[in-house]
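Questions regarding the structure given below will be posed in turn.
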């Protein structure tokens, strides 16, 4: 770095450091209660610049969503045929048709009368409640959030959701549960979450025979939810590698060209 | 002199001299030969404007500006439209990178005195561009209709109620209803589509103003003759292309690998008028101004401080009384400039946090210093500072440096 | 385009000259490739999105209440589809070659229909006709006028009349000569999944006809 810039840069860095140290120790989002611990240190196959989805885990996670979570949580942004193929969960068209047909969808017949019909692959995931108000009414006044984007909608999404699913505990001595009720959760801001613990060991029997511990279930359903929030992730990372490599090569050539162009000028 | 042997080119040029004009601007237009890489940021800003307009138009083909559908339409672009995810992430992160580039470009101007005569109007046009960018970005952020879109719009439009007398009517007029809602979203979409083209127009004026007297340079001294300059093409066209390529690497890494690094997770929750998020923050590029707004406990004065912070930039050519342009030769101002940079970062951090505890104190100090810098420090330093001796010309300064013998502390640091 | 008018070119074309040109040309080429690769996703984003393509899935239509002589209109891939239950009298008339001399393409030589509908009734079952109801002239929806004669003149055998520019088709959707429309009305892929239900948009099991290969919708 040029000598004359060193001291200003140090000053700027020092100021930024002071400003950052002055803030509370935990991230601003989880500031409501002092004792929120750091999120669990779990890793997934999709992390990092070369990360990909583990399709077996995605299918197990989808099984959990279908059998447990979908009783209360919608995933409006997904369609059943999103599950098919190599960009999806790896199901065939036939399997997706069968998955869809298990659900009923409201429609009108040719006389304009309201009917129910089996879902098609092009239908969006059938929601458990007809609308937001019905969802809230059935759940103590608060509608369970839609899960299509839940991983993007929370800071440190995968670890946060994993923490919530595995973080239910008995309230510690001296902790006052509010009169409106709730469930104590280590990682939820304020520690009182309306949702009762949804998953335990063996909440489902995995189709592929994997042992369904709570941690395994949480890990798999988070993988599925991460795919649901970001289904184009693998295409994005693949394209990114090509683009960055191309740009590095082009930068090298253009640097050479620039040096050549300027070689005849005192500067 | 003929621009080209091509008959078609000559036919057009005789009737509309675009080719002669381009030839002059590229091949004859004299640019100081000692520009450093801080001078790349103007062309980077132009490229970012083009990228934002291009991606924006293609997004607008798929986006639905209706409150019931907007959030879902953006998610549809991400999930269903061919390369929709790429176009959206480029546009979203492009806004951030556009501001990074423009803020660096602005601070370059402050350091090297690029706002001084005869470039006052050039500078003021630049401030107009920043203002338009801030309005455009604010309205653009509302369009996805997430929690932060809705509540950010609510808070910022409510600012206008501070205006005595007509304030509440203005807010209702802005909203088109009793609160931020569908009418607001629709008009913000219309204006968000319009303003970038207004920016484009002001950018053209900005470049015309620049070409009247040519670029400033790191020494801040005028060109004395052809030995001080090179034609823009090919010297700076290739330097700009190289700089663009480096910039694009950083941009690509963010777009492809950290696309939500600068994003607010709350905005992936559909807008809920019945539920205020725990914190309401604008995107990072508005945080410093947000901090200034919140640091004044009076609503109206806070709004005045916010707008004042931007409008004071218009007055910089007259607030700075120094006869010398470049901070190279201004031993006191050089340090004070960096204090302003630090202040901008500190204010940004203040804006990101809830206004409680130490943050309030730091915010008020930072706000005070910001205005103190422009209103007090700039004029006084200009009057009382003893600048270092200026070199006789750009070419001589470059030769002295290349010649090897170090002459003075500051006079000959003329590396590009 | 323009000559580089500065004084330094002379030196640049000496020993390092060709390497300068190579780097410059290579740099420009890479920039061009980069620009093209950047423009491509923008252009292709305008192609039908995944959900739009998925919405073009086949639809099933129940014909049990469609009386002889009647037509029903359904939508498939945003296009009107005519399904006609032809009477025996109409079929007899179509089979005779009395009116085929009036037609531009009586044998359906032009590819406007799947191979399993390249016959005089242009369908799988003679009594049911399935057509894409878009006039091959400029895209209006022709009117169903099965009654012979009437306002179209005594020689009118019954069929379709397009009100926009007067094109006419018979009850197999074959276009008349001397009208602006150039081709027969298209027949979409279809087959019967049972006696009273037709599936529009899907070929019978032994056919691989690609609807995009027809001459013109």
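Just so it is clear, A, B and C label the chains in written order, and each chain counts residues from 1 on its own.
Everything below uses one rule, namely that a contact is a pair of C-beta atoms (placed from the backbone, for glycine too) under 8 Å apart; a residue touches a chain by one contact, two chains touch by 3 or more.
None of the values given here were measured: they were computed from a predicted structure.
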Contact graph of the chains (line, ring, star, complete, other): complete
Pair of chains whose C-beta contact count is the highest in the structure: A-B
Distance-maximising chain from chain A - centres being C-alpha averages: C
Centroid distance [mean C-alpha coordinates] between chain C and chain B, Å: 50
CA centroid of chain A to CA centroid of chain B, Å: 33
Gap in Å, rounded to a whole number, between the CA centres of chain C and chain A: 42
Where chain C touches two or more other chains, by residue: 8, 24, 27, 31, 51
Shared-contact residues (touching 2 or more other chains) in chain A: 243, 247, 250, 254, 257, 261, 265
Multi-chain contact sites of chain B, meaning residues that touch two or more partners: 76, 79, 86, 230, 234, 238, 241
Parts of chain A lying in touch with chain B, wherever the complex brings them together: 2, 4, 8, 11-12, 15-16, 19-20, 22-23, 28-29, 31-32, 49, 76-77, 82, 145-146, 148-149, 152-155, 157, 189, 229, 231-232, 235-237, 239-241, 243-244, 247-248, 250-251, 254-255, 257-258, 261-262, 265-267
Complex contacts: residues of chain C adjacent to chain B: 1-6, 8, 24, 27, 31, 41-42, 44-47, 49-52
Sites on chain B touched by chain C in the complex: 3-4, 9, 19, 23, 26-28, 54-55, 58, 61-62, 76, 79-84, 86-87, 230-231, 233-234, 238, 241
Chain C partner contacts - residues on chain A that touch it in the complex: 79, 81, 120-122, 243, 246-247, 249-250, 253-254, 256-257, 260-261, 263-265
Touch list for chain C against partner chain A, complex: 8, 11-12, 16, 19-20, 23-24, 26-27, 30-31, 33-34, 37, 51, 54-55, 57
